[in-house]
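Per-chain residue numbering starts at 1, and chain names A, B, C and D are given in the order in which the chains are listed.
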Amino acid sequence: MKTTILIHCPDQSGIISAVTGFIHKKGGNIIYLDQHVDKEADVFFMRLESDFDSSSFDLEKFKGEFASTLSQPYHMEWSLHLDSVLPRMAIFVSKYNHCLYDLLSRYHSGELKAEIPFIISNHRELEHIAQQFDIPFHHIPFSKTSKQNAEKQQLTLLKAHKIDFIVLARYMQIVSASLIDEYPNKIINIHHSFLPAFAGAKPYHAAFERGVKIIGATSHYVTEELDAGPIIEQDVTTVSHAHTIQDFIAKGRDLEKIVLSRAVKLHVKRKTMVYNNKTVIFS
Amino acid sequence: MKTTILIHCPDQSGIISAVTGFIHKKGGNIIYLDQHVDKEADVFFMRLESDFDSSSFDLEKFKGEFASTLSQPYHMEWSLHLDSVLPRMAIFVSKYNHCLYDLLSRYHSGELKAEIPFIISNHRELEHIAQQFDIPFHHIPFSKTSKQNAEKQQLTLLKAHKIDFIVLARYMQIVSASLIDEYPNKIINIHHSFLPAFAGAKPYHAAFERGVKIIGATSHYVTEELDAGPIIEQDVTTVSHAHTIQDFIAKGRDLEKIVLSRAVKLHVKRKTMVYNNKTVIFS
Amino acid sequence: MKTTILIHCPDQSGIISAVTGFIHKKGGNIIYLDQHVDKEADVFFMRLESDFDSSSFDLEKFKGEFASTLSQPYHMEWSLHLDSVLPRMAIFVSKYNHCLYDLLSRYHSGELKAEIPFIISNHRELEHIAQQFDIPFHHIPFSKTSKQNAEKQQLTLLKAHKIDFIVLARYMQIVSASLIDEYPNKIINIHHSFLPAFAGAKPYHAAFERGVKIIGATSHYVTEELDAGPIIEQDVTTVSHAHTIQDFIAKGRDLEKIVLSRAVKLHVKRKTMVYNNKTVIFS
Amino acid sequence: MKTTILIHCPDQSGIISAVTGFIHKKGGNIIYLDQHVDKEADVFFMRLESDFDSSSFDLEKFKGEFASTLSQPYHMEWSLHLDSVLPRMAIFVSKYNHCLYDLLSRYHSGELKAEIPFIISNHRELEHIAQQFDIPFHHIPFSKTSKQNAEKQQLTLLKAHKIDFIVLARYMQIVSASLIDEYPNKIINIHHSFLPAFAGAKPYHAAFERGVKIIGATSHYVTEELDAGPIIEQDVTTVSHAHTIQDFIAKGRDLEKIVLSRAVKLHVKRKTMVYNNKTVIFS
């Protein structure tokens, strides 16, 4: 029975020894351990993959003893995930299809180990792709007057399907606080620039205007401040004076889809932790 | 006799044909041609390397006919450079040595085809490197009261040695308008961030604070607005949560020296043109 | 009427002048010119985009005069393409779907300016994707005894649909000489290594075995010697000791699809020329 | 008192717990831990940075107890390094200066935490650089008849100065088995290609001939088989048809010096382990 444990707590001497000793005593075999200490904040982070004998492993008992033996004395925030339980993700899209195609083709070929109960869009343009991949598509249009109502519909769907996290695959609406509060550090966005450069609207136009020689894409968790959430993954590609804005956009598409899919895969594998508006990305 | 001609003018039909026809008629062999049209501004740019028979080539006569036949009717701004004439560069430094070492070792091994009559610094820390490479070093200290006087000294030196362009190799003073006006698009700076992200002071600290996954360096021509001049060259390297600010700085040093040296080499080979605060970088 | 002209011929003085003068005289406006001289082979290459007035442009007359005025005296090999005529591409696949998905989603969204009359496969696994995208799918199985017959079937289909070029999107059969001879420098393959390293079968296993820190993908034109044809495009990504062969394969998939699609787009835009088993890739 | 411990041993359950428990019991604070399991070979690797109270830490006693408590029962190969003890490196060069300049300027500015007792060369061309940086230079010429004698001289110098590891900074002689046997996995070479492509002589010429679109550099530990030792670090840069062999060489120089210096820094920080002709590079 494979498990992944994520921990963070105030740094102090002896944590690794205590946790690995506990796992060992419980009959677990540690397959992988990665840890990090944020020296400035004095916080300790760890990710542990362990294998337990399924026949004898008692999940609830393990959790109880972990809490009393470790998490309480060390003031840990922690979570334990069974690798057999796939996280449930909802995809939000608008009109651009490249990120959606990339996610769905990875999902379809088994590369993306998640469940996708549905796709939400404020437009109907990509409904045919949802149909291609046989995934329910919910059209929830937005207008100035309907915004609140639309968000309520979204939230109802998310709750009804027990969605764990949300992927904004070039979703062209600003997500409101009510949704962010329900899914803190669980909404992944792709921004089509090398943040913090060119936050906000039309980053390729701004990059062209500035005459940069490299453009980028950034996936990040959504927070209330626009394009300012914890960065998960970034990548870049070179451009030159010979490229038009249309060329920037075309080159950028290839970045966006790869950078978003990488972030989604890291999240699905529970390789990300968030602290002080930054991420720890485990190897 | 190898020559490089740089041209820009309003775009219109027939320019390439006219210029290449003229070179051909004058007995020149075009070794290389690169051109670019800025569609938004409707401006044409061209760089031509041509070879002429030294025994019969009359530079002044050529320039005169070029002006009357081409540059006047087509409203060209243009320049002609003999490859045998090396541009003269001055290096400005403060206390960091990595860019200086990189430039001087390239110069010393003949890779950088320029003359370096002297190095100017507001500190004495790098004087020994100038001595290592046997290049005159001028210590011109800065203080609040002496700024104007110091700049006058700089300008006197630059003029006396017929300096063509200036390289700020991690020079930690803001260059004032009086110097920029004398050397428009002829002062190359290296900024230790991926501009326009993190302009100004302490970019590595800001990048660390923001939790970016990639850091960069940018070489650009100096204009009056700080870190906002035409970008010549950029490059990036990946970082992670595991890197400290000191790691950012160390990784950044390797970017800075390479990106600055690339920009200097492009300038020396007359492969850069500036228009509307952007560069055209010829191949 | 937009046209693209590709030329190569023995290098000599005056070619650019002659060609651009001719275009100008015929009323064409040169939008873009890129040229290259292979100094070793003394061969000149040029790509020209020109715009002509559709109402007066006589294609056959233009071709005739180009031939007599330019291509014969300069011993040119040349071709002229109307941008309005889309090249017709056939896709060959086996069982891997990532390259196919990438090509078809670009095609579907109008990014790939080609026609795709059909997909050929030696297996049925990807037929459903062809159906998703509404493209005819021909299953032509291979066995030791049927190889020749299968290839005949392929060729019949290719000819019947006037296919211009072929894309091997992770097609796991070796293409025989009879097909290569019909489509010289018109069959694009993606090899899942950084050629010439790890040519042949199982390159990710070989890369893992060697302990490399970077893996790559290479798109190239198919020639009779396996994985030795002219390289169009390459890209790489970093790996470490922590990656398994499965990780190499997963990271490689992202490279393969992007590198193949870039090569196909270059070919479709007539930006590639082949000479001496190497490519010239115009900007 | 900061220490670094490197361990490898057959993989089994409980090692991390045992080692971290031991360090904790001895009063050490673990600052950093990175581990890796080679699943194919079933071998466990770990690197630990720990801090001990200098006033009470007894190095010899610690080593003895570590041996009896851990290394014997777990069949470990292990080493313990005090961070205060700088490794001693010798540099071997021939005529190219870029790698030497890069190493020495890093050393000079305190970035490279090693001691450099001397430089050895089979030529006199770079003696002036050794003098610039005030480092003893030993000219040991090679000829067919003197080879054995020259190597004996090298070895005498290396032993006399208690050299820990050797850096071949574009040293153009093949190192013989007698030297490799004395310094197993302790001789770092820079090869100017993306290994395993273009092993052996003149890799840039071979890369040019093949028409690759990317060139690289590889630093590796020297083994008896030429250019086939464990790879430490690789990097690449793009090239095009427009680049000559001279351009390849110039672009390659920038790769070579950076890739070699990165490898040297990893070795100096004891972040490398070798197993089965591959490296584990700790983060």
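Just so we're on the same page, contacts are C-beta pairs under 8 Å (C-beta built on N, C-alpha and C of every residue); 3 or more make two chains touch, one makes a residue touch a chain.
This structure is a prediction, so every number in the text was calculated from the model and none was measured.
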Would you mind telling me which chain pair, A-B or A-C, is linked by more contacting C-beta pairs?
A-B
Based on CA centres, what chain would you say lies at the far end from chain B?
A
Can you give the whole-Å distance between the Cα centres of chain A and chain C?
36
Can you check how far apart chain A and chain B are, centre to centre, with Cα atoms defining each centre and the answer in Å?
42
Of all residues in chain D, which are in touch with two or more distinct other chains?
240, 242, 283
Contact residues on chain D for chain C in the complex?
36, 38-39, 194-198, 210-214, 216, 230-236, 240-242, 244, 277-281
Taking the touch rule as given, give the residues of chain B at its contact with chain C in the complex, in rising order.
13-14, 16-17, 20-21, 23-24, 29-35, 37, 283
Sites on chain B touched by chain D in the complex:
97-98, 101-102, 105, 108-109, 111, 132-133, 240, 242, 250, 253-254, 258, 261, 283
